Amino acid sequence: MGFIIGIVDTMFARYDMAKDVINVFEEYTGVIKYFRYTVPGIKDLPVGCKKLFIEKKCDLILALGMPGPVEYDKVSAKTASDGLMMVQVEFGKHILEVFVHEDEGIGSSLDGSIDKDRLSNVMSRRAESHARNAVNLLVDPKKLEDKAGTGVRQGYPDAGSIKW
Amino acid sequence: MGFIIGIVDTMFARYDMAKDVINVFEEYTGVIKYFRYTVPGIKDLPVGCKKLFIEKKCDLILALGMPGPVEYDKVSAKTASDGLMMVQVEFGKHILEVFVHEDEGIGSSLDGSIDKDRLSNVMSRRAESHARNAVNLLVDPKKLEDKAGTGVRQGYPDAGSIKW
Amino acid sequence: MGFIIGIVDTMFARYDMAKDVINVFEEYTGVIKYFRYTVPGIKDLPVGCKKLFIEKKCDLILALGMPGPVEYDKVSAKTASDGLMMVQVEFGKHILEVFVHEDEGIGSSLDGSIDKDRLSNVMSRRAESHARNAVNLLVDPKKLEDKAGTGVRQGYPDAGSIKW
Amino acid sequence: MGFIIGIVDTMFARYDMAKDVINVFEEYTGVIKYFRYTVPGIKDLPVGCKKLFIEKKCDLILALGMPGPVEYDKVSAKTASDGLMMVQVEFGKHILEVFVHEDEGIGSSLDGSIDKDRLSNVMSRRAESHARNAVNLLVDPKKLEDKAGTGVRQGYPDAGSIKW
Amino acid sequence: MGFIIGIVDTMFARYDMAKDVINVFEEYTGVIKYFRYTVPGIKDLPVGCKKLFIEKKCDLILALGMPGPVEYDKVSAKTASDGLMMVQVEFGKHILEVFVHEDEGIGSSLDGSIDKDRLSNVMSRRAESHARNAVNLLVDPKKLEDKAGTGVRQGYPDAGSIKW
């Protein structure tokens, strides 16, 4: 028996994270079937997710977004997160929020500019890691319990456990 | 078969964005039918949207507003956004939030005053762009997927992709 | 045919805005019928509104409040606004939030003290203006559309349009 | 005919406000019947209130809490307030939030320490005043309307009206 | 008759609090039965709780998490708390939020680094204390009422009462 995963992403983001997610799902042909839906920006993700839960009967959704760097973008990200919370709580099904803030790409330059390679690497790795989390939550949730409290991170190296 | 789009706007805003939205819709006669409803301020938009979803059976709504420049206005904008999220999640239909903050019009003058031309240009272009997003979401959603992750902006030049 | 408007106000506020609202409604005898309910503070307004929507079958409610000047008061005002949003979205009927922050009364004195005349004038005029908005929304909503995007304010002079 | 009032309080608070509330209710034997339920901290109050609304059929609830003094405590207080709003709006019955922030007890000492007498006095008086508000809301709501807009405070002297 | 308690925890946390919780529950064999479910991060806890309420018919849930130290982590913690509030209010059953912020582990070193022993001690003790609160709420709620207003803390020494 297989599972259906939704991918909702935005035109606003500056890197196509869905591509990395789909690469993971293609390792699971016959197990994971996916549907994709693209919206303008992060505040449009919650309704996008609700549509996929209803129309495609998804078991879990990945919501991909890249909030911009200024204060107003942070407020928009909070509104988007609140909406994703409303929708996932309504359905009792996980929506993994795969957000990379554009300022995570600020590099070591003196002017605080965005390092495009750094940013796209974080986006690619976070998307891939959460795609694997999604598969594990549906197919083999014990894999998560085995790593409980061990400081797992997505897009960066794991922080690790502080005490065994 | 056609679609019904709602336009909810405010007396508070200092530029009539609905006019630009309607100009776009008039390119789609026979495809897009629209209804307009004006409320006092941005916190009245969510109920305005709910009324149009129920009374006019809209498929999608554009919520047009111009939050003022001071801290209290930012808080009001968050409350309005939260309300728009509640309504769109309830109906599972998109409400595109077309907000232009009045301080996006701060020009290059030394005193931080509002550049009225700059502000009205941002408002006009953002309204038009989101009107086109609305049409695409209903008529041809693949057009959005083709631009996923490419840094599309409304009211400003596109930011572009950071990696192809 | 007439309409029923609710007025919910607080003991906390330092000026009786309901009086100004009622003065407006008395110009519309036979058209507008009103009910008033007083609660302790602004966080009690949302349930007050829900009670009037249910028990008095109001078509619209004015929620009158005066948030205090310190940080904690601002947080309370946000909670109150969120509650008013929940209730108006639940019923799909407008609650016009008529809040005047006590620090809108800070005058030109050097010590930042409250100018009582200034504050009571803002409260009186905002209450009256929103009472007229309430009547127009129910009786003649086209009056609002005619002023869409023209920078209408309540309690202060209109900001005006930035472009015709 | 009588009314049922719930009291929900916490182990976290450093003063037993419920005692002052109960003293007031004992003046109204035969009119007010009360139930008390204690939870660990303020974020547990909303479910405590819901339980009393359902299991004890309360007409109104007093939620007693003392948020701590640091930033994280303020955030917890907001979450608790939001939860109390959800519950009271769901039932359409008042929950009077009787919160005293621990830093309301900061005295005139130079080191910003808590003046325990000052803090316990504020907590005692606020609890008593809101217990009387609770009784009035149920038994004689006109008493609140008579004081509308007069600057009533709980735990401190009334601020008074700014204009008659 | 026994009770069912859920434990939802994360891979993100850097210490396995569930272990300490389970140690407490094992003192109550035959009284407390528990189920555990691990999710990626704190924003996934609310749906995890909803799943356990529905699938395992839990009477109460412990939500274990360790928000990170930077601003964005604080925002995520607020979103997680809001989601936990939604779920517990929906079911009318307590979810005890057992969060330890990573920066509670900042020690006395000059560079503001995390003291791993300090942090793991706080996490262990808070988890154990809330596990006992959970048992008391279900088995013997009078134990909480006996400590109402006495300044009980979890993970740190009790603050104590300010007035008897």
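Each chain gets a letter, A, B, C, D and E, in the order it is written, and its residues are counted from 1.
To be clear about the criterion, a residue touches a chain if its C-beta (ideal position, glycine included) is under 8 Å from a C-beta of that chain, and two chains touch if they have at least 3 such contacts.
In this text the structure is predicted, and so the values were computed from the model without any measurement.
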So, in whole Å, the Cα centroid of chain A is separated from that of chain C by 41
Centre to centre, by mean C-alpha position, how many angstrom separate chain D and chain E? 25
Sites on chain E at which at least two other chains make contact: 78, 82, 86
By the document's touch definition, which label belongs to this structure's chain graph: line, ring, star, complete, or other? ring
Put in order round the ring, from chain D and then through chain E, what are the chains? D, E, A, B, C
Seen from chain E, its contact residues with chain A in the complex are 9-19, 36-40, 43-44, 46-47, 50-51, 54, 72, 75-76, 78-79, 82-83, 86-87, 90, 105, 114, 116-117, 119-120
Which chain E residues qualify as touching chain D in the complex? 74, 77-78, 81-82, 85-86, 88-89, 92-97, 101, 130, 133, 137, 141, 144-145, 147-154, 159-163
